[in-house]
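In what follows, chain A forms one complex with chain B and a second complex with chain C.
Our next item is the complex of A and B:
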């Protein structure tokens, strides 16, 4: 059983954060939240999303799992104006999702959840450094790095108490230095890892520029990016595996 | 089996120069393949899925290059990959020259490991096959990213040697000298105890594969019924691809046992269209297992193909020819299990959804489960066939099928039956198969004329052309169905290469319905001389002429009649016909000393006077050239 009403913009933010990594996923319809966890086909990036029942106008669910084509679902939700409410209701008989947006109703065929790729083991990491900053600041670093390279280096200088976003191209280099005062918070620790911009660019697309982003970082370890949406009642964590720095 | 081990074997195969050595190496590899035998057998041929499987990898070069570039390290772009490709000319070599594995995977950090990157040689043959199946399964909106990420993930985990064959596999070109015949013979050698022999038909088949690889860019042509490869493209070596001939040759070369074992594998391949399953069957159940396989309704069989040929070829080689209309349509294979039907293209793609009329036709008209071979033809409002391109519009159609159906109606012309009511008919003679076809299907069955009379065949062709079709197919009446073979048992009548412009110097009144028309026309070539022009007879033409044309020709020629005797009339040289023929033979029958074989009327050369007609000298030259 699943029946929910949610604002179009909240649902859109939720779907966008997942669709940057995968084009189909499982929605876990827990009693107290809607949850999605998905790993990209190359096992490099992961998204973990929770949207609390309180984020919905109304929410009833009993722990079922459904599989959806995200692009299709995004297209449908894209038909709504930002103030609109979206009604979702699962038809258990036909295994289809009824979507009602104002006078528009849509019946979405679901995907067998078993046919969706199982996510591999996800590391449980305790990372030494934590940087809290605005989405816009990360976006600025990523945009600058993208001008010169397809990789980005994130590091914390424990002496200077600063967070660096750097990129090295064939000819040109980019450096963005954010000191403690530029950041919302900084827990300094040894942290220096290289990441693929392909993934980070996509993740950045979903991060609202005014969101507070908590970055967990280590040395040659995956990075974790946490942020909230839906007035704090939706939480997203991205995890991205590093590239080897030796080259 | 580790993919690294497969890559190592593939390298050995690539380096092996002799066909015999190749078969031996493949036999060893198949014997060592264990659980992954079916996948290994397909990979060797550059295939991810069984031949009958309508799943397609659909990875184009661009996607492959993109995945390589992403996995290749810092700041490698698609254009870098393309530049290297331009230098080396081969994607496998390009892939093998990059250092992959710079990107770690999340799972590397899950087990408390320190995460030492991807290029750890952990790819297995099965794992690669599963990932490629996932790539094939990703369709529709947004799937491009999924396919790219999956391929990136594979390359990222590949060593240089693995990357080489991964890239080649993606693009379906293994370049290790393993043709279908090699896998067949190696299967027999590895599991049935056959001697290792040189596959005599290998050369032809490899060429065939190359051409199929190219087919992506020539999809239009490839869809075309029996015409896919066009005339004249195929060299004489292709003739050896004919099943009967190669088996005959094999018996002379090796013992009967080996020939028999190889034939058992060959038959199982024809029936199942699956190198993987046949290899496994040979290993698990031996010859008996291979012999027990039968066609399965729902699994497409490779279509039997035709060579270009002439009526003379047919009648010289066979007692009689089975003649059928050659449709300008797209080849289809209909499978009906008694309840529902599916339709497959010549490439064994599932086109069921695109051609609902054929499905409805099969479900309505077939009286028993069957596999039917035929053509889908587009028909205009006037009932005349529309060009092939119109049929293709339907084949490619995924959406709005109903609307397209209104625009271009497609009909079935069934001409063969591979399975009927639980019985496989591959080994049944053509004429009997056609009878069985008529038994199970009432409508949409192509007419079959069995004849040894050239005139009757020519008349059949005239009717076919008149109805707007391409011409005729000539088939050996007692031949069996050889899937995937372009043998000599099916001929598509070659269009006339040269035509002659000849003067009408006589005619005969027709009979029956045509009694009031001049029919058979006596033709003459011009002899260049000093005085009055002279004409020497060279043959008679009576075919290729419609009733309407006969009336017109009678009106045109009657004023020039100089005398009549019985039904024969002599005609003053005035009218020039363009005439097609298959051959010029020396003959005492006509005054020129030549006779045209299978002459056909093509038209009146209104623009030519008798003095402009072809000369006997030209006929001499053409006869010598032929």
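Our next item is the complex of A and C:
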């Protein structure tokens, strides 16, 4: 059983954060939240999302799992105006999802959850550094890095008490230094890892520029990016595996 | 060769690269040969010929072929053939004769000015020279890709390593890994699309036969080591082996004969293989050294291999989240 009403913008934010990594996913319809966990086919990027029941206008679910084509669902929800509400109802008989937006109704065929890539185990990470900053600040670093390279280096300088976003191109370099005062918070620790911009660019697209982003970082370890949406009732954690630093 | 015959009996499924992962023991000769023929066919010979006249089309081929493994989370182990098994002499001399014939036709085509036909035939005459052997190993070494020297048949060694569980698949375009008892064989690793997975146990279950009976069926149809019995195709062989129990039952009933049948059977059941290998799949390639080896030492224009090396580098430097679970 699943029946819910949610604002189009909240639902859109949730779907966007997952669709940057995968085309289809499982929705876990828990009693107290809607949850999604997915990893891209190359096992490099993972998203772990929870949207609390309180984020919905109304929410009833009993722990079922459904599989959806995210692009299709995004397209439908994209039909809504920003203030619209979206009604979702699972037809247990036909295994289809009824979606109602104002006078528009859509019946979405679901995907067999067993045919979708298994939900990944969450890596067990103990990351020494934590940086809290605005989405816009990370976005700026990523956009600049993308002008010169395919990779981006994130590191914390424990002496300078600063967070660095760096990229080294064949001819040009980019450096963004954010000192403690520029950040919302900094828990300094040894951290220096290199990441693929392909992934980070996509993740960045989903991160609202005014969101508070918590970055957990280590030395040649995956990075965790955590932010909230839907007035704090939706949580997203991205995890991204590093590249091996050659020199 | 009984390839078409074996194919009609083998349980083969199309799989997606996303569904396969692990280590694959690749029959190096078989794999290289495919890349040599396509490289030679589609690339100007100036690209792969050094000033000294050595042809190293294999280097272009290897750089083209390797990214596919790494991008899909497969680690290749290249298994090189050792000496030719004595019984296979007939096959080798037949191949040599075919090659010589193709060479004559190639020269004729060249004289006629038929460039396409000449190139096609040239591919067929291509053989693994000592330079190709040396440079293939040299390049794989620099990329830290494991190499295994088989005592005899590469396919037998691949199948053996798969059977004892040291690798997850054999990789070959032929079907003999099945007769050598290889549980899983990935085919079409050199094609552009998805691979095929050939499953030994599924093959046996499908026809309700034992592995030994499968070898007997193969021998009745003909293998690399023996001519088949005239008039017997895979369907008949299957039916008669089930009816008479084994190869010798069928031969008796038909009053037919296969030279060295006993020895050939043993060769499939217990081929020369070695345990003298080390499959270290934690690769630390030196891509820069590999590039220098191909472009400086062996004079292949960088433009021919840049893209392939970039793909190899990209695939091998990106870690996966599963490394931390």
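Remarks
Heads up, the rule we're going with is that the second predicted complex is superposed on the first by the 243 of 247 C-alpha atoms of A that agree within 3 Å, B and C clash if a C-alpha of one lies under 4 Å from a C-alpha of the other, contacts with A are read in each partner's own complex, and residues count from 1 in each chain.
FYI, contacts are C-beta pairs under 8 Å (C-beta built on N, C-alpha and C of every residue); 3 or more make two chains touch, one makes a residue touch a chain.
Quick caveat, the model's predicted, so the values are computed rather than measured.
With the two structures aligned on chain A, chain B clashes with chain C. In the overlay built on the shared chain, the residue A:221 is in contact with chain B and with chain C. In the superposition on chain A, contact is made by A:44 with both chain B and chain C. Contacts of A:184 after superposition: neither chain B nor chain C is touched.
Touch criterion met: A:149 reaches chain B, while chain C stays clear of it.
In the superposed pair of complexes, A:239 makes contact with chain B and with chain C alike.
When the two structures are aligned on the shared chain, A:196 is found in touch with chain B and with chain C. Looking at the superposition, the partner that touches the larger set of chain A residues, chain B or chain C, turns out to be B. After superposing the two complexes on chain A, the stretch of chain B that clashes with chain C is 151-159, out of 151-159, 511-519 or 565-573. The contact surfaces that chain B and chain C form on chain A in the two complexes overlap at residues 39, 41-46, 117, 120-125, 196, 221-222, 239, 241-244. Chain B meets chain A in the complex at residues 70, 73-77, 99, 101-111, 114-117, 134, 138, 140-143, 145-146, 149-150, 152-153, 156.
For chain A in complex with chain B, the residues that touch the partner chain are 19, 22-23, 39-46, 69-72, 75, 117, 120-125, 149-151, 168-170, 196, 198, 220-222, 239, 241-244, 247.
On the side of chain A, the complex with chain C involves touching residues 39, 41-46, 117, 120-125, 196, 221-222, 239, 241-244, 246. Residue ranges on chain C touching chain A, taken from their complex, read 18, 73, 316-325.
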